[in-house]
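In the two assemblies presented below, subunit A is common to both, partnered first by subunit B and then by subunit C.
Right, the complex of A and B next:
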């Protein structure tokens, strides 16, 4: 038995993976290894030209990362991402439920719900930036005087608000997909049992959404953490301290400070720091294992 | 495992092959015919069609002169250009000629990837004396180590509303910063403001601070030492923030403005001065309510709190602003590259470029012909009185640190004047960043 299994394992057509493997190596593996290498050398505009000879400084860049604001940026990024996800989930699910049953104009409502999602991030940020000017339409409508939304501590909440506005349709789409997969028999059975809407929603329907929505949470959180366009267009660089999220810090270090080694170290560190909870989470919800 | 290694090896081979293919654009050998010169140039978003036409006419001229083609490649932002320089520098192949902004020239110089200009190179270009002397100020750290060939200049000036000034009984625009503040106070009444300032711009703030400090005798960098904690810098920030908080001569909404927003505000015709602008704003101004009622004038050159410039102060009317041309060290077409640079810095081409795009010539004779136009006189004067920002690879960081002081202070300004202690802390932080960057400079 054991030997037969071994033979069949050997006979698996692994070579079919070659094109994919090649692409993965080219697009992910080699750049990743390069980034890790760069994070150990003192690469800046002075050494760029002979980058192979740039001095190896071990963990020097990593130590400096911690002294140049990376911990705060990580905290800002993570809290911003978790907060955005936490708020978008109930909105997304509610929106999916609203468009589940057929009614006149449902197609229109569904289309409207997708508008924030299909707009390019750059457009979303530019429009919000204009609306949130000190003498802009938001302050004028709400009678807030000249409240500053794009500077100081308010900027953090602006970032969260705009991200929520732009990102909730993703949860909505995933939840909608989950709702569609609920069998008709389930609806019939609950009708036969005479279930009222609230128990039906919480005990019957929502459990169906658990899988897709959890996956959506994971993807959405990662998207929030990686979002560079939104803070960059909303606030510009240098960004106010309260929205100096990880992508902004890495960008400024790399492309304005020209410290490529330091920024590579920051990028690698953030990758590791995100990977740890991500791994734990994936194990916990068992998204990475076959059922 | 062996399989994995084979994949990795194949991947690396493909990568190398791809890189070689990318670098294959360079032609080798002598003579112009059949060769292609690659020029990297900033995209012109204001006049894209005219810019394409200009490129075409230059290509034709160049072909007639040398037999070689010019291929223009455009970049959208300074970051695009930086990425291009990075990859070209690492790969040792790419554009032959780069057009780079003046303040970016020290950074480009520090990569060591560009041809240093000796007597022979200058001769090929038609001599150093062909250029406006001030424009050579940011070509290199010293006369022996120049890489940048001045191409166009965009000196900064002030725009003022001639009618509002006249109505307020001001017969001559301000020439000192104190005078400017006083006139702005006179001009501020009702819905009318004395000054338009772009407080949230990512570049404007450092230009004010550098200008005022330099005029007071502190160019911010002394050899390898950053001098941001000098009283002149604090005075500059206080003056700059004070217009909004203590003098109240600026629209409170200016706290959220970038430079184009400030242009738009001034163009409405309800503001006395627009303190930092350049020739490229002409069209925006002429399409606003202010059309026919505005003029350019030099920025003040006497530091705040003074009635005359101190002995060590510099008459810095503007940062040295514009574009330089750099020839890549790795280029296999250096002779062609210099011929191209000569062509676009010649009087006729420079004047044509000015007419199309409003960038002032770096060519001295060309600039001279524009002096007779009274409307342009302040611009040509500013071009001649422009002063280079310190030539160090650390300048990008210093500029960023100076702007950051303004960015972080904006929320305080909304509440009123910023306290001396807060300002000191922020300047100290900027000083630390600037110094650490200077310590790394080679």
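Right, the complex of A and C next:
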């Protein structure tokens, strides 16, 4: 046994890594390092084509980014992400609970629950944008006259509500996976004890969901912070002040303001922002076969 | 209802009914409006009808001339299909080595594969854009605005994702078959081709579909790296949506039809591969 292992270690076909590894180095690692480099140089539309020669300005871009709307965008992104996650968790868990027991038509209900998740983000944003127009169906149905949903101070709540509409099925899926890990004995024991539904739910069932739902929360929060498509398609660029979240700020600074160095500094800072949930997520994910 | 099913009941019946109805309504009411509006006329939708006064499919025929949707769909299909095939195949071989052999830096690579799925897209797009736009200057190549440039850009997300999907699948595959083949003298290529790929075909398809969806759903990269002839469906729809506002008569009905057309390929993929895709979504994360 020991000798066989040794042989297979000697024959490790690491060359098989070359195509994938080389490509990933070329298109991921090098660009990421370049992004960090760009954040230290004064790169704009004039120096773009000859970026090698663009002047090095140290932390100038980082200093400037704090003066050009970054703190507000960080606050908007974080509050938007946390709020969206906080609201989708109870909805997702409730959805998992109501589809756990078999009944006629359950498959159909489960399919319906997946719809917002399956629809592409740009489709969701496009249709909500249309429905939320001043003369659109939402104002028509709710009798709100021509309330503005896509500009001004309402836009933040529009962003949160549409994100919630689109994102809760992810929590639902993860909660469902957690529910399915509950053994039948647990149900039977509760039934024998005569536990009523509420204590059973809170004391017995929900603890089973803690792991998967916490993981889902981390991932969902990361996805909310990184969500570019929804604000971009809902509001267009440049976005109204109240929905100028991190990805929108970086996008507008680089591709409309053409200040590539400045926006690279902002993008690097947004990576620092997600580092905490990302670190927690990487710790929680099972990386290896043996663990 | 059997005693066992009764024991598994989590919520009292009335509560269950109320929640189910509420959740379904939350999804289905907007969806019903979208479908109804797409079957209405533009005038009907503009006058605020929920239920069309007359049903017509004219929005589905008009939209092809109003918006440049067909170019977008063709471009999306080409770029995403190539991305899907390339990242599924490369992902499979890379994942196989990552799962079966230990070497220096392996855990870092695995961590990187997971981490890359959560880094901001803008952080990736910026350097890619700078490299692409200077390629003309340094290498004499035009990259921005081409389909293959977009394909390379999509690989930055699709490749790590497909590789990770394959890692989660391959680590559950027993080693015995490979070891038996190896004692028979089979080479690594033979083992990959004859054993690993046939055994993991469903997972390879899933990783390819996910790569396809990443591309199909992308707006960020495509909005910067394409020009009108190479627009993807997502960009065509988004631009159409923002262009029609402020016009004399908004074409909301056509907008809804266009949105449903763009969603159709994705919905069809999910309907066909539902079991695999939904399983794959949650399999990656749970410890």
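Descriptive notes on the structure:
Throughout what follows, the second predicted complex is superposed on the first by the 246 of 291 C-alpha atoms of A that agree within 3 Å, B and C clash if a C-alpha of one lies under 4 Å from a C-alpha of the other, contacts with A are read in each partner's own complex, and residues count from 1 in each chain.
Following the convention adopted for this analysis, a contact is a pair of C-beta atoms (placed from the backbone, for glycine too) under 8 Å apart; a residue touches a chain by one contact, two chains touch by 3 or more.
Keep in mind the model is a prediction, meaning the values are calculated, not measured.
Of the two partner chains placed by superposition, A:104 touches none, neither subunit B nor subunit C.
Here subunit B and subunit C are compared by how many residues of subunit A each touches, and C touches more. Legend: residue contacts after superposition of the two complexes on their common chain; A:95 is shown touching subunit C, with no touch to subunit B.
Shared-chain residue A:252: touches subunit B; no touch with subunit C.
In the superposition on chain A, contact is made by A:133 with both subunit B and subunit C. Contacts of A:152 after superposition on the shared chain: subunit B is touched, whereas subunit C is not. In the overlay built on the shared chain, the residue A:21 is in contact with subunit B and with subunit C. After overlaying the two complexes on the shared chain, residue contacts for A:239 are found with subunit B alone; subunit C is out of touch. Overlap of the subunit B and subunit C contact sets on subunit A: residues 14, 21, 30, 48-49, 51, 133, 135-136, 236, 255. Every residue of subunit A that touches subunit B in the complex is listed here, in rising order: 14, 18, 21-22, 25-26, 29-30, 44-46, 48-49, 51, 133-136, 146, 148, 150-154, 236-241, 252, 255-258. Residue ranges on subunit C touching subunit A, taken from their complex, read 4-12, 16, 19-20, 23-24, 26-28, 30-31, 33-34, 37, 45-46, 48, 50, 90-91, 93-94, 96-99, 101-103, 107, 110-111, 114-116, 118-124, 126-131, 133-134, 136-138, 152, 155-156, 159-160, 163, 171, 182, 188, 192, 213, 216-220, 223-224, 234, 237-238, 241-242, 245, 250, 252, 255-256, 258-260, 262-263, 266-267, 270, 278, 281-282, 284-287.
Only residues 8-9, 11-14, 16-17, 19-21, 23-24, 27-28, 30-32, 34-35, 38, 43, 48-52, 91, 94-95, 97-98, 100-102, 109, 112-116, 118-123, 125-131, 133, 135-137, 140-141, 165, 170, 173-174, 176-178, 184, 187-188, 190-191, 197, 200-201, 205, 211-212, 215-216, 219, 222-223, 225-226, 228-229, 232-233, 236, 246-247, 250-251, 254-255, 260, 263-264, 267-268, 270-271, 274, 278, 281-282, 284-289 of subunit A touch subunit C when the two sit together in their complex. If you check the complex, the residues on subunit B that touch subunit A are 3, 7-8, 10-12, 14-15, 79, 82-83, 86, 89-90, 107, 110-113, 200, 202, 252-253, 255-256, 258, 393, 396-397, 400, 403-404, 407-408, 410-412, 414, 437, 440-442.
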